[in-house]
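In what follows, chain A forms one complex with chain B and a second complex with chain C.
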Partner chain A sequence: MVEARREFILNAVIVLALFAVPLWALMAGEPFIISLATRVAILALAAVGLNIALGLGGMVSFGHALYFGIGGYCAGILAHHAFSGTPVAFGLSGTNQMLVIWAVAMALSGLVAAVVGALSLRTSGIFFIMITLAFAQMGFFFTLSWPAYGGEDGLPIFVRNQFPGVNTMRPWELFLLAFGVLLVALVVFAMLRASRFGAALMAIRQNPDRAAAVGISPFGVKLTAFVISGMLTGLAGAMMADLSRFTSPAMMAWTMSGELIVIIILGGVGRLCAPVLGAAILVGFETLFGGWTEHWQLWLGLVLLGVVLFARGGVIGLIAGREGHG
Partner chain B sequence: MSLALVLEQLLNGVQFGLMLFLMSAGLTLVFGVMGLINLAHGSLYMIGAFCCAAFAAMTGNFWLGLVAGIAAAAAAGAIIEVTVIRRLYARDHLDQVLATFALILILSEGVRLIFGPFPLYLNVPDVLRGTVDLGVTRYSLYRLALIGFGIAVAVGLWLLIAKTRLGIQIRAGESDREMIAALGVNIRWLYTVVFALGAALAGMAGALVGAIQSVQVGMGEPVLILAFVVIVIGGIGSIKGAMVGALLVGVIDTMGRFLLPRAFATFMEPSQAMGVGAALASMLIYLLMALVLILRPKGLFPAHG
Partner chain C sequence: MSTLLKLEGVQVFYGASQALFGVDLDLAEGEVLALMGRNGMGKTTTIHTLCRMLPMRYGKVWFAGQDISGWPSHRAARLGIGLVPEGRRCFPNLSVTENLIAAARPGHWTLARVQDFFPRLAERRDQSARTLSGGEQQMLAIGRALMTNPRLLVLDEATEGLAPTIRREIWAAIGALKGEGYSILLVDKALSEIKPLADRCAILARGEVVWTGPPAALDAEVEARHLGV
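Here is the complex of A and B:
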């Protein structure tokens, strides 16, 4: 119980810090730091999505960049058509309303996750890792060579999309929006983990045969989790495209999938706030070390190697102890 | 579209496939014997290419460069195995993916630190310059030599695994590692040798391909992902599967890029057909992999029953 309480306090500190740092930056007039915090919040959201599949369900998806990219392209393509006043397809027009874009992004990435999941979950272990990678690579090469939406040059979003009551061009307001969505996603994750569904999912991860013996269908439960996971990551992709006002195949690159896994591992697999802490560490590392040396990835690699070899519970595990996740 | 062009593309596909085989053989051996997913295999390919290019530029001799590239990759492989990889055998796949992902970051930046940020160039050796007449078409002698080299290495590897004492130990290690340890084989040493052997093959592929592409940081990762496609199609752990998978991937990828845009051009506008054809062609091998996994979840030649 001590560990659980310690983890609860740690979670509160992490979330408050993510709020306090940009608030300080707002007072100090440092819009760059606010944008960095927004990036942390959005990457964390993407990783919360992956954490459902990977942390709770034990499904090592090496292709979540696919959903991230689908979300990004939803935002890019809809905004592109809204900007140029041309229909997307079948007479449907584009939009610059984030709520609509988010709904489309989640629906589409959920749909793709359902297809990919249904096919991939026939395999397990290394085969599952590789087939999810293969599907993401398909998406990557498709966007790379499909000329209609910029191909390898990517697709710019000239005017940031709108959200009712929010001026999305102001860094602080955009941060609050991303932070709010992240909080909702964290609550969804916590509720999911505490629910019967979450218990079934974790039971399947620990022992699929026993779970099946007590009447849980592993395939259906895992697929549902995989779809929810893809939807959240897709939502994050749409928001990331709006933050950087740019969508490109790089969002679907396999290194992006790797980065999402790295974020979760740095934080601690299956932990509620692992994505937030992991994303903060990654972005912080990139900004701090990237300023000092162009070889910052060397140091990131060494830190990551250290965490994998010697600190298997991630940073949260180091501080809050090994227990605390199902 | 002439017969000459088709033959040329087909040979390109076979050559590409054989180079992929050199990459995949090591990857599949390491997985088969040690049960390890090694994402850093592409970095060994890169190390082979860089050391070959640098040494060839220094000595003016491609062959010395090739030997240096292979040796450097094997040495790097052995060092990595002893310091890092050895700790990962007992871990789950997630830890292996992450640790070797970290190794990619470290090795890529390390190579950039040593050799600088600019690509190196490696020339085709003088003896293999020019083209040969194949009757219907002229074909690059160097690429033809790569085909011959690839086949020779494949035969050598088969002899090593089928006929030598080391090969017997490797095969025994694949089927029951506790048993061969109990029989007095030094399993730690065997693992290091297998890993270094795979690294040497990857370094060889990097050095050989380096002469027809530019040698740069990040060159290993696209090949690595293709090599994973190959071994998943072929069946992880199976050398025969790696050979079949590599040839399939090499030929289908090359022919797809060549034929699909032309096929679409028969019923679409040429500019559009190029785009659609190229997009589909680049997805083709991943479609093939997904299809194989769906129909035969353990690959075409499953190594363990």
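Here is the complex of A and C:
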């Protein structure tokens, strides 16, 4: 109980800090820091998605960059056609409305996750990791050789897409939008974990045979979780494309899948706010050490090594105690 | 009374070695059947087979009028077979409440009713299952099976390795469920506790049912031949 309260306080501090830092940057006139915080929020959103599959369901997907990239290409392609006034396909026009783009991104990444999940969830362990990686690599090489949308050069978004009531060209307003979506995703994650579905998912992670013996269908529950997970990561991809105003095959690269896993391990697998803290650490290292040496990942690697060896519950587990959920 | 569960000529192999040599068993709606036998005679194998956790080579399992021989275990559980496995086997890292709601299916038994039935589970609701005592874990395992709202409760060695006072509590709980008309399949070695509870006994020896009858008919000779150590 003490640990649960401590984790609750820690979560509140993490979320408030993500809000306070860009607020301070707004007052101090540092738009670059606001954009960094927006990047943290969007990466965290992508990792919240992965945290459902990996943290609650124990499904080590090494291919979540696929959904991140699908989301990114949805934003890029729809905006591209809206900008040029040409139809996407079958006479359907593009759009620069984020709400529409998000819906398309989530639907499409959910659909792909359903197919990938249906095939890969028949395996487990290292085979599951490799199959999810293989699907993501297929997506990566497909976009690489897709000249209509820039191929390996990627696809720029000339004018940021729009959201009702928000001026998305202002860094602070775009941050608020990303932060709001992240909060909603965190609430969804918390509700999912507290629900019968979440309990069943965690039970399957601990012992699928035992779970089946009390009437839980391991395949069905895991597939559902995998689809929800892919949808959230896809949404994050669409938002990331809008933040950087650029979509490229790099969004689907295996290093992206790895980054999402690193974010969750740093924060603490299965913990509610692990994605936020992990993304903040990642972006922080990238910014602090990246300006100093291009080998900044060496330092991140050392931190990751420390976490894996000495703090199996991630940084959140280190502070709030290992007891808690999952 | 209609037949709820029926096993017909069930043969099960572990690799090349045969464990069940044609088990025939039936259980009527509302009946308490005790499955007995020495260690290694196939009691747990029989239970895992009827819960569809083990593949059969020959034979059929019928439950609630359906042939469930080829079903996966989660479908058998949803049809109403509620297993309380040997050694309790809760989900150790889930809280007591999470253990219970993970199994929940609509029906009479809800979280509140299970917590009423086992007040200890209400006291320990936020503790993770691995921190519970053996007796509390057993209550949790029974509670978890009840949450599936089963038509048949299958208890595999429900009181094994528990302190006498806890054993009495568990047996009282099973007695209360019998009083409510539940169909129960018991596997246990505790004869003195089974006898007042069971309507009928079946004895397994070397993978076959060798004796069935009311507990009163279990005389010293049968006990010595099939159950004595």
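Some notes on this structure:
Everything below uses one rule, namely that the second predicted complex is superposed on the first by the 326 of 326 C-alpha atoms of A that agree within 3 Å, B and C clash if a C-alpha of one lies under 4 Å from a C-alpha of the other, contacts with A are read in each partner's own complex, and residues count from 1 in each chain.
To be clear about the criterion, a residue touches a chain if its C-beta (ideal position, glycine included) is under 8 Å from a C-beta of that chain, and two chains touch if they have at least 3 such contacts.
Note that the structure is predicted; figures quoted are calculated from it, not measured.
By the document's definition of touching, neither partner reaches A:288: not chain B, not chain C. Once the two complexes are laid over each other on the shared chain, residue contacts for A:262 go to chain B alone; chain C is not touched. Touch criterion met: A:301 reaches chain B, while chain C stays clear of it.
Looking at the superposition, the partner that touches the larger set of chain A residues, chain B or chain C, turns out to be B.
When the shared chain is aligned, chain B comes close enough to touch A:127, but chain C does not.
Within the superposed three-chain model, A:144 lies in touch with chain B and out of touch with chain C [touch as defined at top]. With both structures placed on the common chain, the touch criterion links A:218 to chain C but leaves chain B unconnected.
Overlap of the chain B and chain C interfaces on chain A: none, as no residue is touched by both. Interface of chain B with chain A (complex): residues 31, 37, 84, 87, 93-95, 97-99, 101-106, 108-110, 112-113, 221, 225, 228-229, 232, 236, 275, 278-279, 281-283, 286-287, 289-290, 293-294, 297-298. Taken in their complex, chain A has these residues touching chain C: 1, 4, 195-196, 199-200, 202-203, 206-207, 209-218, 323, 326. Interface of chain C with chain A (complex): residues 51, 53, 72-75, 77-78, 82-83, 85, 89, 91-94, 98-99, 101-105, 126, 128, 144-145, 147-148. Listing the residues of chain A that touch chain B in their complex gives 54, 60, 62, 119-120, 122-123, 125-127, 129-131, 133-135, 137-138, 141-142, 144-148, 254-255, 258, 261-262, 265, 269, 295, 297-298, 300-302, 304-305, 308-309, 312.
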